[in-house]
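Here come two complexes built around chain A, the first alongside chain B, the second alongside chain C.
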Partner chain A sequence: MTKAKEKPRLGLYSLTSCSGDILEITNLEEDLLKLLDLVEVVDLNVAMPATGMSPDIALVEGAVTQAGEAGFLRGLRKKVKYLVAIGTCACTGGVVARGPKKRKGWLRDVYPETGEGFISGFPRPVSDVVPVDFSIPGCPIEKGYLMHCLGYLLRGVVPEVPNYPLCMECKMKGNECLLRYRGLPCLGPVTRAGCGARQPSVGRPCDGCFGAYEDANREALTEIFRQIGLGEDEIKKRFDLFWERG
Partner chain B sequence: MKKELISRVEGHGSIGLKIKGSRVESVELDILTPPRLFEKLIVGRHFNDVPTIVSRICSICSASHRVISVMAIEDAFGVKVPREAVLLRELLLHAETLESHGLHLFLLALPDYYGYGSFVDMARDLPDAASLGFKVKGIGNRMQECVGGRAIHQITPVVGGMSAGPSSEGLKRIQQEAAPLIDEVLRFLSKEIPTLQYTPLVGVSNWVSLAGRDYGYTGGDILVNGKEKVPVRDFYQKFHESALPPSYTKHTLYGEEPFMVGALPRILNSGSKLKGSAGALLKRLGIMKSRSTYMNNMAQGVEILFSLERVVEIIGDLLDIDLPEGQDGGITAEFSPVAATGTAAIEAPRGMLIHTYTFDEKGYVTGGDITTPTAMNLSDMERTLMIMAEALIKDTTDIKPALETLVRAYDPCISCSVHIVRL
Partner chain C sequence: MIYRTMIKKTLPRFLDTVNKNYRLIVPEQKGKETYTFKPYSGFSNVATEFLRTIIPPKQFFLPPKEDLFHVSGTSDIEVGAEEEPFSIIFGLHSCDLHGIDILDKAFSYGGKDTFYWRRREKTGFIGLSCLPDKYCLCKSMHTDFIVDIYDLFLYTLDEVYMVSVRTALGDDMLRLCPELFREPTGKEIAEYKDRIEERESMFTRIMDITNLADLLTLEYKSDVWEQYSHRCLFCGSCVMVCPTCQCFDVYDSTDLLTDITVRWRRWDACMRKDYALVTGGHNFRGARPERFRFRYLHKEIGFAEMHGKATCTGCGRCSETCPAGIDMVEVVRSIRE
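Let's turn to the complex of A and B:
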């Protein structure tokens, strides 16, 4: 084991989110202890007061909705070697990045006393504010995928991640295809693999939280959705649940 | 006094105090997790997408949000859910309680009792406390994975029932792990845990929980102070949200008064129904008599035992039924959407949680309301913070640790405060 002062420093930061990605890191359990052998955690507000030390690698969860969050990211960017977006909110804005034009009205309805005076912008991905070295998608992130990527980053190498559809993982598990045999609107054919096909394995079509892989053919899947009887509005709503901003 | 972030709570919050000389003028607890407008995000969505969206309100309570949104939709459509699916959902809620209480009691709150800054410091001297926390949290996570399909943002609870059955292998493993853990937790919590020096200062004034026939996390009417019953659908008539000056924060009040929800109110309302080791620990700790707000932590300990015992029991029942597993294991009732409003309440780890939705005849959402336990507790947190600050300000210069400890005793889950902020 290396001495504590020689370990790379890891910071975990939470922007506008449910905190699920950092919670998933605490769920690593035994692997968390292995990770703590390799790195020194210098910031984690959920479980400890901040140490004030700058990290080498920053993992950032959540979307950017506040001016303060954007300012924080700009400062953080200057200090760290790797800035990594973790979770779908940090990667794309996530499930909350909906209705950009309706947002002002929503704020007025939910917070009638303050309304628009309540400063809260349309949820943006971290990469809208500062350059991001790497993105780890998922709602929430997958522990195995995260550890795989950290393994690369700790050696100073940009991680290799699956660039093929979720369907590959579904086939390897021997699942029945929900799209073909049950007529369910599964986003598996266009979604990056990496979760082990969690939803189809328990009988639910993929909602696409990992986002698109590089060669994803959205047009072809849209045509299949039409064939299984989905209207244009329903198709749009399938894609904008997680896969893209709506 | 400068507002500073509170550590060891989920999400971001800060306490603001206005002090003049040795007088506390006001206390303000700010929820800094920005608004995400979930109640609006679901409008226009198909009912099937609602549980998926609202479970993202909070990662710690995602199972509660998912299950209660499904139940509120079922209330609107008049769906009768098969018994096996009801049992599986109950198992999922116990799993979440174990994960949440395990994390909060052992890793976030106990460091206060033993005088450490974090569980990492505590673990050096008291490895048992930290490792027991990880064990309880771990079994909760593995159960959520086994029954819900994922430890966070569970997948299987769907309108009508469950989309898949858990593997019987997985259930057996959990049952084997849970049984010895009951003794281990009972032994640890039965020995002396130091009391906080400021314990007698603040107590519960009004307490609210769901109270059904048995001690449980679903079903029954809302029970106030052990006597007044309020049917769940009348929640909005008896409980009000209002902004109290000088704070802009939105508060939920019972009539005009603050109230507390969570483990302690559940114990005060229904603790007499607890049997087994949970009942034994409850007697030993004297929670029913003390009514100190800090007892919420120990009440979580009692509930860890209750949940572990129930888990062993439920899995026993489920293993007797030959449940189909995985993709083929869907257990759902037939139903059709109707234009209607549905309301349901559940005891999430942090207290009562209520979801209400209105649908059009095709099953698309036209309106929704979500009231979370942290929103309900906010007024009571400010009430007790005021009492505490006034009592300590005279002879203590640094009252911040005491106030932070008090906030943590409530186990606030600040990211789930969907609509309580007035900044």
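Let's turn to the complex of A and C:
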């Protein structure tokens, strides 16, 4: 009998975030059990003590805000073959990176007294600290796409990120255009596809959590938002949610 | 061709019967102003007065995403599509039938595309007449009536449908309930003629396509392309909803858990920046105006040079759907001026 081949080791790390992406992975349910046949989870810092083993592939969610997180990432980078940013916070800073100028005020509002000594830097994407091999955007990530990407990475290939607008995906599903027919401020025309148009498919305009695809025409969409009656403040808020950093 | 008339009130009975013998696809209302093709689920859901579905009938022969074939570590290559029953699509207007004709030509050029034809060959069409709205350009594109492609075509008159029976399949469908059909009367023929004339006068917008291919080529460097490219979102909606846009991307993906590799084909759009990107990093249409222009050139020239007709069927979907309100008529007028 030859010795069974060692399974690739997977580490899942949560930085500053709602942990929604790791939660999506636990939501894989039956598929999660099959995934665990293929990989060995050596780290899952929100749910189990560290095994002390180094992962081959590290999935990192959350933005870098707290002291120690940057140092942790630098150490991790040295150990792993692939470092993958998962979820919008890890990819761009996400929702937590809104309103840099209002940040001090927010801290005071949320943590009145204790906030005084609270150390929280401006949220940065993982790629601001260490090179990442690949980013999987989404708030939260799309489970099917994560499995697709893991399939590639386990075979030693870095997958491609969809670089086309959500509108294409939305049309392929036969959805009615929310912008055109209902005058809703949908960010689909400027947002990267990959989620299967999950909001527009249930009648809610896209909030842009996958971020912009290359060459998105933000100016043209801004003009359309004006035409459907949005004020400058409202337009800014729409783009602010996931798009703005600083 | 033979002509019969059918009392309009008996259409539910006819469609019920067709549905028992074939898989019947019909237009249904989706939103306030939008329609979509759905499998028949009773006549009360069928839209008979509508102009365009969000996605044209191309979806039935060239699905948005299709499994061409798949292979696993232990099996031979298996063809993707499951055997589908023979389908009848009801409610196709003349423009959409022309669209199918164009796709038939495109997917036969240089050899038959088996993936397209395996579905197309198992589909019949019941056409339905319509009255134009402000987006309809079929009259300008000479696609406002059709003499081929369909099996049955229903012209709506006051009390009856004038039914054109073009093929043996159309005749088969009639024979499913022969009691519903009879010879047209002289009065009905006269009414049919009046209706054609009436419809002709209803087209409010005309796109002048005289020498359009020449003009587009001569105006290749026009500022018009640059101007529109500021307004255009490059969202690809116009391409997705076009009855004749047929570009696709082919790629493979391996399922992590089942180890099955699938070769997919999925709709693609020339409005997309990566569309003309080739190995080595060169992009033939990297700049936005180039991509905006290309769609017009391809609609009006590219295909026409090979097959003698433009690939715009005048269905109006692109103009109706565009979130930026870009209208083909306006673009062509800008080029002409």
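As a working rule, the second predicted complex is superposed on the first by the 235 of 246 C-alpha atoms of A that agree within 3 Å, B and C clash if a C-alpha of one lies under 4 Å from a C-alpha of the other, contacts with A are read in each partner's own complex, and residues count from 1 in each chain.
What we mean here is this: a contact is a pair of C-beta atoms (placed from the backbone, for glycine too) under 8 Å apart; a residue touches a chain by one contact, two chains touch by 3 or more.
What you see is a predicted model; the values in this text were computed from it and never measured.
Because the two structures share chain A, they can be overlaid on it, and in that overlay chain B and chain C fit beside each other without clashing. Touch criterion met: A:201 reaches chain B, while chain C stays clear of it. In the superposition on chain A, A:171 makes contact with chain C only, not with chain B.
Looking at the shared chain after the overlay, A:38 reaches chain C, while chain B stays out of its contact range. The superposition places the C-alpha centres of chain B and chain C at an angle of 110 degrees about the C-alpha centre of chain A, rounded in steps of 10. When both complexes are overlaid on chain A, the residue A:155 reaches chain C alone and has no touch with chain B. In the superposed model, A:214 lies in contact with chain C only, and not with chain B. Once the two complexes are overlaid on the shared chain, A:188 sits against chain C while remaining clear of chain B. Of the two partners chain B and chain C, it is B that touches the larger number of chain A residues. Superposed on chain A, the gap between chain B and chain C at their nearest CA atoms measures out to 6 angstrom in whole units.
Within chain A, the residues touching chain B in one complex and chain C in the other are 175-176. Across the complex, chain A is touched by residues 5, 7-12, 33-41, 45-46, 49, 52-53, 56-60, 62, 103, 107-108, 117-120, 134, 137-138, 141, 149-153, 155-156, 158, 163-164, 243, 248, 250, 326-330, 415-416, 419, 421-423 of chain B. Those residues of chain A that touch chain C in the shared complex are 31, 34-35, 38, 147-148, 150-152, 154-155, 163-165, 167-168, 171-177, 179-182, 188-190, 214-217, 219-221, 223-224.
Residues 30-34, 36, 54-55, 59, 64-65, 230-237, 239-241, 253-257, 266-267, 269, 272-274, 288, 320-324 of chain C are the ones touching chain A in the complex.
For chain A in complex with chain B, the residues that touch the partner chain are 14, 16-21, 23-24, 26-27, 29, 45-50, 65-66, 69, 94-96, 98-99, 102-103, 106-107, 109-111, 113-114, 118, 120, 123, 139-140, 175-176, 198-204, 207, 234, 237, 241.
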